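What follows is a pair of complexes built around chain A, which joins chain B in one and chain C in the other.
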Partner chain A sequence: MSTLAAMPPKSAPQHGDALKAYCQISAILSVLIVALILSTLILQSGPVLSLKNSGMFSTHWNPDAGQYGMMPMVFGSVFVMIIAAIVAFPIGLMTAIYISETRSSKLRRFIKSVLELLTGIPSIVYGLIGVAYLNIWVAEAFDLQSGRIILTAGILLGIMILPTFLTLTEDAISTVPARFRENAKALGLYRHEIFKLTILPQAKSGIAGAGLLAIGRALGETMAVMLVIGSLDRLPSPLFNPLSSGQTITSKLGREVGESAFGSAHFSALVFMSLILVSITIVLTIISQYFLSRKNTYV
Partner chain B sequence: MTAEGSAPQLTLVAGSKSRSEASPSAIQIEGFSAYYGKNCIISDLSLIIPDKGVTCLLGPSGTGKSTLLRWLNRINEDTENASFAGRIKILGRDVMRDYPDVTELRREIGMVFQQPCVFPCSIYDNMLMGLRNFKLSKSETRNIIETSLKQAALWDEVANRLEAPATSLSLGQQQRLCIARALALKPKVLLFDEPTASIDPISSRVIEDLVMSLSENISIVMVTHNIAQTKRIADHVVFMCDGKIVEQGSRSHMFSLATCDKTRTYITEEFCDC
Partner chain C sequence: MFKNYSLGALTLCLTACTAPEAVNISGSSTVLPAISLAADTFTSETGTSVIVNAGGSGSGFNQLAEGQTDIGMMSRDITISEFEKFPDIEFKSIAIGRDAVVPTISSEVYEAGVTALSLSQIADIYAGRVDNWSSFGGPDRAIFAIDKEASRGTRQIFMGVVMGSPKAAAPGADLVTGSNNEEQTALTQSDSAIGMLSFAWLNKDVRGLSVIMPDGQTIEPSLENIKNGSFPFVRDLTLVTRETIEPAAQDFVDYLLGPKGQMAVETSGYIKVSE
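Let's look at the complex of A and B:
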């Protein structure tokens, strides 16, 4: 014992210092990349912000006339996000409850693996399915000429964020220690009461975090939405009519960024829209991280 | 039988049969075997647990004591791959056949676990948890909660802070809250799974005294490894090894007249190699 204590491990300090330096450089680099992206977005937004009468808060988008009304895109993003949440959250929550409360760990592992596979499917694949099937089904269901509307984009996005929301929600529910279920059972509570009274209060922060993270993903989705939303730069009429075509920030960027000249007011307006998108996503991520870090802290 | 959604009846006054009225046995177990998948944990066990008093299930770890306890109120039936064969009767009622609604059984057979587990809400709400399905007025509910907390020797410590979070209590107090929560349902039998294993000796002593006082009115079955504790509180001792009963009898019999070598070795704290 004393011999071992007297022998410091060889080269440990050198390896430790190198590793520490490597980690520090990596961390600094990561922060620099984020800072670089944000500063680029802010700097490139300059031309459109300095323009007089750019009409950024109007509904008229016409780069040739110097009109950059972003409201249809911002509204479209938020509207599609709400529809996606309405589609994904109830199904996701109920499925998560079923998976986490089921007795069979084999079944649970199988469903979880399938869901985790689904999160890895490229969004263009979802987009193609949307164009090939969902688009047509929606058009037939609502007797429309085209199914490329806000509702289709919302449903498709709901399907896309479902695995993310579901797996995170299931994690939040299943991390509530089993002893709470057992104690509640021993008090003669029914299964629905056990969930409502003991599991849900402890999992709700995690579920809220999962929802916000999923919404963040919905906001940032481009390809699938671009293929099914109809790409019309105007507000729906009436305003909350999901059966009209629309545009989101991402679909607008996807369509027009290649057509705009670098440094032009048109390019600058697109960059400014992406800055709005990044800001919303950052806020949602921060709030979701807050909720996720709060889960089960009082247990 | 209580159908889901209907309100079962709960008598306000702690009703307990006098010893003269008591049935001779609280629990009858016949040909009981328990399995986890294909692993047999308990094989062909038969046991009669007397009404009232404390019956301690004593023995080394992994001998099936807790498994047996967890089948008495069917907590184990939600455990994956857990199954059992045989018959368990509690106060004359078969736990499988006569309780189609398992929650009714669990209200009659209370259980306190090894680790104190209070719900993350107030002390009052913890007490209320099991009472939600009973149609009780506010005053009745409050009376039951007060009586149960007094029975659990916790009332004096929490009377003026019932709305405080239950997690603010010490571990020993939390375990007494768990006992009070179970007592609020007026159980006929109380199951304890090593209730003092994770708390300090002083709190353990308080809980031991509590268990002894409760045993005058309720049949108590307690799993323990603690031989000294068994000596202090048990009326009846069942010594188990390898999923079988090695020997059973009254406390005086087990600690002075045990006939089996394994029992003698274990209770003299030399520990057997079961």
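Let's look at the complex of A and C:
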């Protein structure tokens, strides 16, 4: 950059071209990387898909016997994601309303920047806190033998996605133009009525986008979940019992990818599970982009 | 000025990246303490850096076979299916010490009177046939059975003896852990757990069970019983290399078999290979 700035201004157009080419190459590269990852996932999924009796939709995972039942992992991922959403969304929404509607902008910036710091904390740190404290608290609260259960993973993930959800939601609320607020005030509405009747409808799609983006993050999280979920390849019984141990796609990958030989059916089964995960995340991201970019056309 | 700095930084980076003769090792978390101890003294004596990572025996073998490391640490034998995965490579196993897998229980249960179990009683727990400590004269608490990842050496030795097959399913398990470290934490945090640990990882919070043999004899998990082989879960700690080995890695293997390396094995709580 410094050499660029030191150049005489007359050669600027040339640099403009170079810069343009550089930007184009970068853009193409990043698209290529995504394409490469996706095609690798699809190609490497081949062996397990062509395998007869792989029992993919069963609940038995035993690579040595050629059984690759993925249902416990897929179910675990979705279940943990739902719990995380239940934990994070109400708190996130309430906090966002509080800091955007009632606080001074100085305090608001402070609270927001502290929360954004939370997104920078590596997930393994959350995992260690989960192992050291959260899992013991949960075990005591529900009088369980062990707190390494689906609920613990869900709560931990809820805490992890809270900042993402909160800042985006807060952005959605505070970017509603001031004139709506002023007009509503002029009509003599109370503060809660202003929020409920004019601000919330405006911010709705932004909040939905924030939620989907946060859920996407919850799905992809590995280390923290792996340490607290218990890693049992079993469906909970009864099915929606959050107090039993489980397994998510990511925790399964984290635990087993090192021992599976590249190109084997075992490896391929793991890759296929990541393909499922990536597909869900891509769909979530696309929908959230749609919500986040949608302009408010009504009112 | 800026150019000089960046050039200097680049050179520094390149030298660091291409540092000569680093020995890469990964695998069993059971073997790891002895190896990293020996690696410290080896590095300070020879200047060759040694990079040691955990990951489990299965992962140690794979990384070696795929050429990512020079030496794999294993706390079990290489399985036939592992050999079959890499038919073109010749592997060499070198025993560097001896260890035992010990059925381990939470200290609370141990102190309440459960100090010995027979192999079939342990099998009952992992098969899910018995789920309360009172069946074995312990407190009236549900048994929290801890299993390990299928590829782990400790698990394969343990299940091989208890259930008759290293890869036997354990429907009675309530939790699956990875390394000795993780398993030890889970055992410590529970007051009613049973699990499996390498001998060197026992302490006052996680107690080793004596094993009642089919002939009625009770065998304690002591150094003595591991040395003479009467404890049923004794195993070799091995290093695995490819047939063609880097000279630096060979030096390190020789060092481990020498007096200083064997001392590290003993300090870590294992038994020297010579005994």
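To be clear about the criterion, the second predicted complex is superposed on the first by the 282 of 299 C-alpha atoms of A that agree within 3 Å, B and C clash if a C-alpha of one lies under 4 Å from a C-alpha of the other, contacts with A are read in each partner's own complex, and residues count from 1 in each chain.
Here is the rule we use: contacts are C-beta pairs under 8 Å (C-beta built on N, C-alpha and C of every residue); 3 or more make two chains touch, one makes a residue touch a chain.
These numbers come from a predicted model, not from an experiment.
After superposition onto chain A, partners chain B and chain C are found to sit side by side with no clash. Centres of mass aside, this uses C-alpha centres: at chain A, the angle toward chain B and chain C in the superposed model is 150 degrees, to the nearest 10. Using the contact criterion defined above for the overlaid structures, shared-chain residue A:Leu197 touches chain B, although it does not reach chain C. In the overlay built on the shared chain, the residue A:Leu189 is in contact with chain B alone; chain C does not reach it.
Shared-chain residue A:Glu140: touches no atom of chain B or chain C. The superposed arrangement places chain B and chain C with a least CA-CA distance of 46 Å.
Considering their complex, residues 4, 73, 75, 78-80, 103-104, 106-107, 110-113, 115, 117, 119-121, 129-130, 132-133, 165, 167, 178, 181-182, 185 of chain B touch chain A. Touching chain B in their complex are the following residues of chain A: 103-105, 179-180, 182-190, 193, 197-198, 201-202, 298-299.
The part of chain C that touches chain A in the complex is made up of residues 2, 55-56, 58-59, 62-63, 65-66, 81, 85-86, 142, 144, 149-151, 167, 169, 173-178, 182, 185-186, 189-190, 192-193. Within the complex formed with chain C, the chain A residues making contact are 2, 62-64, 131, 135-136, 139, 145-146, 148, 227, 230-233, 245, 255-256, 258-262, 264.
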